[in-house]
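Structures incoming, each one as structure tokens.
Next come two complexes built around chain A: one with chain B, the other with chain C.
Up next is the complex of A and B:
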């Protein structure tokens, strides 16, 4: 393989990986802190895409502003979801939590998809580009949208890193994922942390959908691909761990990029799924760690 | 941290302030009632013990006071506020800090992060830093190991960390559940000395223990529990000479 092709594959892999990380981190956060197998995660990606579309096209807002608006909108949607859906479940019964929460998200997914359908119709809501330009990196031409989306993802991930590692609230989120009773005993309001965590997860998904609007338009069933991709990354990296999801996202992005080159599209998917099967056979806890102890620390 | 307020002291008999008042507490787990008519008081600056053998209901009492168990009847008053049935995180924030027997440490976090989380509800960053230094003064071993993961500490060190984390919340009353459990005798001495030091600095303590002899020697007063009831109470000095106690718990005849 010549260096130019290698550079091309590396670049594509990293760009893809960045967005995978964004989605996977949101999912890992929700599973790691709230113990919810979130199967409506893709719908928040779509929500972000719709919000960005209307902000950009209907209200003619600046692309960055549109993306920020979409992120905030997804955050609020996450707050509402936790308060209306998971909070009542937590109050009612802690038994069979994992299956109950999962079923809730499965139902939520169906409801949201059809809400989108009723509200916006089946039309694809897409744009040609936020920024009508192409950027040359290492001799390869990439659309500006894709590059900027990557940097937005990096920024969001860096912000999440600092938030979890350095701030009081971030520390509280980590604590809740490790020992809920301990968290209660130091004065942490569990419900507030759960709501915040879900809102952050939804915001990251919405940010992804908004950033990639030109590449994946908003439509009611557009959440399936991002959902599968994020679950793939999270399962490979180790469920419910954010640091693992960050590394895992880039690994998956690069893996897909290289296997696409060598195997073509159809077989690329076989390669990805084979990787998953092998991992689940020999290291079911994922690539990182023998035991997930915390949402952040590996 | 303001452990002893000016004007308030242990010898100040005429202005004794009742911090915690538990009245006729009935509590249990689901259908099983475990506590029957439990009443106790803890005054400002006192070192109170709750003793009894395994299964007597001592831990259940502390857990109910801390809000982890919903009580069936009775009342818990702290600092003149009715805290019965309040959620545990609010009770902790009110200054009633509970250190469980299982410690509930954040295992994957460093000693330092655990301590910082102890001060979660505090907004004054400078005060948090000062309190952290005070905890390090009290437990120098924690300062040495502050960057270590708390899951890697020894049993005694974990106990110190749990107490230190509790102190970071600037408690008015500290409830400690069986700190000596599972520790080597020499480490038990360290832990009891730490609690004694805290008391001497002005902290009000409610201690649950099975080790009756040691406990009565360092506390001011004690309540004895059996089968979910308070069967005996009085000053620790009196109780050490009490016949029933001596026979049942201290093995004398």
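Up next is the complex of A and C:
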């Protein structure tokens, strides 16, 4: 393999990894705080893509504004989902929370995909580019969109990180993820923290869908691929481990771009799935381990 | 005699429903209605098989459709490449899928709860990726053309075959559930640690359960391959898993036949209301969500509640 191909693969892997990180952090957050194995995460990605498409094409807004609109849209969708579905389930659930919530998201995924299909048809809605420019990195020309999407992802994760570490609300979220009863004792409002967490997770997914609109058009079933990829990432990182998801995202992105080059599409999937099965078998807590024990105790 | 029959799980109500089904297959001559009956029963059978794992040892097999698809592929390959005939193909399908199920069971041994679902999901996706990638054997996305189960098989014939397969599998599964093995399954499902502490060997029962349910899924999958006449990797798609899962949970988990009733209730309903076709999957998903939130016991729970109200003395617990 000549150095140029290697650099190319490296770059593609990193850029792809940035998106996976964005998706996976949302997934890890929702799992860590709410104990939901979110199976409809990809649908919020698609929702973000649709929102950005309509904002950018139909209302011809500025690209950045379109992406922000999409993020707000998925945030609101997240709030609605939690209030309408998970809140009543939380009130009624007696012990089987993890599996019931998981099945609920599976149903939600089917519903949303087909609502998208009904509302927008099976058409691909994509754009050629937000910014019509190209950037040269490591001697390789990359479209500006990809690079900007990458930096949006990094920015969003950094902002998330600061929010979780430095603000009181962020501390409350981390508190709930560590010990729900303890958080309740010190006066944290669990319901609003759950709603906020779910909305933030959905917002990150929507942000991903919106910023990558020129690469992957909005499509009713377009959420499947990002969903599977982000599940790979959280499995590698350990369920609910937000820090691990950041590193895991880049690992998966790089692994995909290199194995794709060496094995071709069909066998690349087989290879990554086999590796994942081996990892789950020998180190089910993920590469980085996690302190979150809730899944094991139930 | 009556007690012996009911120990096979053939209660009066169950036999009445079965008789209605057989009568329907004799008198219904409408091809569309017959096809609807076959498809409903097929999905009902798969939901029952799914429930054997999901409802008893409380492990949701999230790659279920891939196991059924594996049985379909195995049966198709036997029917195409060997002269052994369709019946041998069905058996081979069941055996191969049972073996892969056993293997998946081994993979999930150190895992619990949601991790089991994740693992079976990954195994299912691997199977689907393999079916797509191994073009020399499976012809990839173009799929395999499968001959009918026997020459000039009519839809009525398929319905009879499926009814007998359903009956046999139901009786076997029910016998297992009512034996001490079934008790062990439920113990593991309700509380893994307590079950282990009271001397139930979870390893053995988990493997047994996975093997049996996968083998049954493969058996029905083989039937489906012959019935539809083509197998593509699409049969292993998540969508089918979700549909079967929805039926099983709407029917009521831990009831075996609940999913069959749900299938006969929902599939013809969605199918006959042509204007609703577009909304079919939306309705499925919404029903699953509503059942999960408001009535986790499902149709079976509803039936028990109602029958207890009507015959208060017969209620056991």
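Note that in this section the second predicted complex is superposed on the first by the 287 of 298 C-alpha atoms of A that agree within 3 Å, B and C clash if a C-alpha of one lies under 4 Å from a C-alpha of the other, contacts with A are read in each partner's own complex, and residues count from 1 in each chain.
Quick note on the criterion: a residue touches a chain if its C-beta (ideal position, glycine included) is under 8 Å from a C-beta of that chain, and two chains touch if they have at least 3 such contacts.
Note that the structure is predicted; figures quoted are calculated from it, not measured.
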| item | value |
| --- | --- |
| First (chain B), second (chain C), both or neither touched by A:284 | second |
| Touched partner set for A:119, first chain B, second chain C, both or neither | neither |
| Chain A residues touched by each partner, larger count belonging to chain B or chain C | C |
| Which of chain B and chain C A:106 touches, first, second, both or neither | second |
| Which superposed partner A:189 touches (first chain B, second chain C, both, neither) | first |
| Touched partner set for A:269, first chain B, second chain C, both or neither | second |
| Touched partner set for A:168, first chain B, second chain C, both or neither | first |
| Set of chain A residues, in rising order, touched by both chain B and chain C | none |
| Residue ranges of chain A in contact with chain C within the complex | 37, 85, 88-89, 92, 96, 98-100, 102-104, 106-111, 113-115, 118, 224, 228, 231, 235, 239, 266-267, 269-270, 273-274, 276-277, 280-281, 284, 295-296, 298 |
| Residue ranges of chain B touching chain A (in the complex, touch as defined) | 66, 68, 87-90, 92-93, 97-100, 103-109, 113, 116-118, 120-121, 149, 151, 165, 169 |
| Touch list for chain A against partner chain B, complex | 168, 171-172, 174-175, 178-179, 181-190, 293-294, 297 |
| Chain A contact footprint on chain C (complex, rising order) | 58, 60, 107, 110-115, 117-119, 122-123, 125-126, 129-130, 132-133, 140, 238-239, 242, 245-246, 249, 278-279, 281-282, 284-289, 292-294, 296 |
